[in-house]
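Note that the chains are named A, B, C and D in the order they appear, and that numbering of residues resets to 1 at the start of each chain.
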């Protein structure tokens, strides 16, 4: 069954305003090209879910005013320091924060993957993470006496947005060991993916590749996007554009600087828009 | 031989708490804990594994982001390191914010895995290089992970030591507080009292000085460990050991 | 860190009598060579767990008197018909049966994998599977009114026994898409594995292979065993020995016939025993 | 044109219940349901997926044995086939045993995924070629999966049709029983009453005969479908269609 191939702007238009949008961490495969398309179409009211953390992609979307809610275990630019637009938005109470811990995000996505309404998780009791999560509950372990445990409701993103080195025309997408992206695709209602290259043949025909491939069953649309992670890199592919990322962090310290970055790299008609 | 630097004292002190373990996990951006884990591994005669979290290259996992937490939940992770923007006298850790949660004065990246790993990893070593009343506080503004739990809460893990740039604290699990264990060379108990925002116990008798690594250990640190750590943290290795990464 | 390499009889001796022993289905990678070694050492009181079903391997172990309890979604020899020694043992009430359904086995293993004491699962309510499982409970969904759901306690095998096409000297074992074997290794206290070949180098160094590889962390011992699945085959490797399997099914219809099969292929000092 | 064989009538009747679906899953060793799914896929204009369970080669999954059940739980499986050693008038299915559970008279392989899939897959098509009082019973000895559930039980799925070698039954979800829908050519309602161990409803008016596939459909079955099914079930394809697998 053939996959639906989209231009990057078509892909962005299929992610509706208000969507609960799951994103991978910077060290996985991030579709920055799709994030730029979302900013160009002025997406609104997004509820970002970090799987389990967020980085540059989220900081840009927050800065561009696309985001209402951030649900994540962290927002980090690692060696580039604090995420400037996220920090400004939080201090200005412009976004609603839903702090989590990494394994809670993974477990709650696994609940959606399995079609179960909730999943228990150890830890968390006595933390302010739990205290601020009105959607989480402490309950009993039915197999033991006096053993409180946290119950997490299933976390079902409306859309998972991922990037990958290769896909095929059937919508099969190889993510290798970055299987949180497979979990995202299993858990979300729809998954959109950009890939560096759509290769000939069927990735499922190679038993070695198949082990790290998300089946096309889960993929709602795919866009071929050379250097689609830029200015981030992809593991086993190209490196992050450190100079560009440094420049982003410098500019994004202020509203004006971020606007300048937007004008230069996102809003203006770029070669991407013509794809 | 070159004089011992403070980083080497910390590496040596941490490694002493890892000997005999099977699997030590180190978070990203933790060169001193990373070097300590590599030192402990080096003398484990092939019995210790070290994994570096959040790094694509330096981990041996194959089941996605969840696996390291599953490993910890299975009891297959013996030690882990945790830092905090604030750490308080009850070993509570804050990685989230200072001030009001919904509109904070300062916001940090977030809790990462702390709200889970602190509960299930038997030896969690708290590590904070800035030892001041701003970081070691009486009470944290946000508990990413609590130091201690009620008796009915499943808690095979918890704080094992707190190590700073000034001293090493032991943890009294019964009294649920820290006890000064040793003071790093060049620092004093008065200075530690002054720079610590929480109350802590003192050991009986004289307060020992934190050990300085002997020449055998130093040669491992400056040789094998420095070389390995330079592949992960080249800037750190160049600054502390004068080692240039070959990568 | 180097893996512990064992002879096949050493491997069998590391699986103690009374162990809760998880086995894959026939269509995955089964270590029949290890099953024969268990029969040779006259293993006793095993509690077999089918992940999610059992086949020839279990039928032989049951016939040889190694098994007390069978926990599985099915015991099937597929086109070869009913499993003769299993059927005889059940009709003679010689083994305790714990019937399950496939997703319950997977889910309960995932609970052990995650270190959670239980996991909920849809379905099962009103079935006699549930009625006969005293270890399963029906409870409430804490996030909904009047929504009963089955709670499964975590299923933690003492030992997982698997086979694979390749391993390396670090104990890394490639299973490809047969990831129930990875789940077994994550969930079990110990995992023993036989591999067709221990290859040079580190399987984790190849990003394509890594995606389908169980890390050595989980592996307690590994044995190089050429044709270790025989008389079953391995997907992508060699085919099952249909003539031998047919002969087994014919012989195993009676106690005497099974004894003859044992004498010929298992009990006698074979080349395997000398490994 | 060669005369229509009973298998072709079954394939045609089943396929009519699959048109318009996105994903149809077929259990192992189910050549007729498999062929029906391939027929429905063939006329879906590329909108239907078919997966074969328990087969290494004919599935497109990559997350181990659990994935097909997860897929069903996610609502991504629209139809599935279930058989039973016994099926009763309340659509209960028995794949386990006859007689006392702990020491049965007859023991079958086991419930496989039925205790779950019957609850969550919207169209479960019950398929049993041996239509006798031995298989279609008043009450099953063991319920692998119940036909119907109380109103408060989560049950997006359940029985859609029951098809045998004699007839097709529809399911009355309100009355929780079967209703005869059509009788295959060459069979009679008296024979069906005699050979069915449970009570069932009759349709209003005359009881239709199960449709015979028209020549267009027959040519797809005997062409494309026969060729594809011969790769999975060569013996079946050779016997019914005279097709020899090229594998």
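Keep this in mind: a contact is a pair of C-beta atoms (placed from the backbone, for glycine too) under 8 Å apart; a residue touches a chain by one contact, two chains touch by 3 or more.
These numbers were taken from a predicted model, which means no experiment stands behind them.
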Pair joined by the larger number of C-beta contacts - A-B, A-D: A-B
Whole-Å separation of chain centres (CA-atom averages), chain B against chain D: 60
Where chain A and chain B are represented by their mean Cα positions, the distance between them in whole Å: 30
Centre-to-centre distance between chain C and chain A (centres being mean Cα positions), rounded to whole Å: 37
Averaged-CA centre spacing for the pair chain D and chain A, given as whole angstrom: 40
Residues of chain D engaged with two or more neighbouring chains: 61-63, 66, 69-70, 73, 120
Chain C, residues touching no fewer than two other chains: 103, 107, 110, 114-116, 121-122, 147, 149, 177, 179, 182, 210-212, 235
Category of the chain touch graph - line, ring, star, complete, other: other
Chains that touch, pairwise: A-B, A-C, A-D, B-C, C-D
Touching residues (chain side chain D, partner chain A) in the complex: 23, 46-49, 60-63, 66-67, 69-76, 120
Complex contacts: residues of chain D adjacent to chain C: 28-29, 54-56, 61-66, 69-70, 73, 95-97, 101-105, 107-120, 142-146, 149-150, 152-154
Residues of chain C defined as touching chain A within the complex: 103, 107, 110, 114-122, 137, 139, 141-144, 147, 149, 151, 153, 175-177, 179, 207-212, 235-236
Of chain A, residues touching chain B in the complex: 25, 27-28, 51-53, 72-76, 78-79, 82-83, 86-87, 90-93, 97, 99-104, 106-107, 110, 121-132, 146-149, 177-183, 235
Chain C - residues contacting chain B, complex: 1-2, 112-116, 172, 182, 186, 204, 210-218
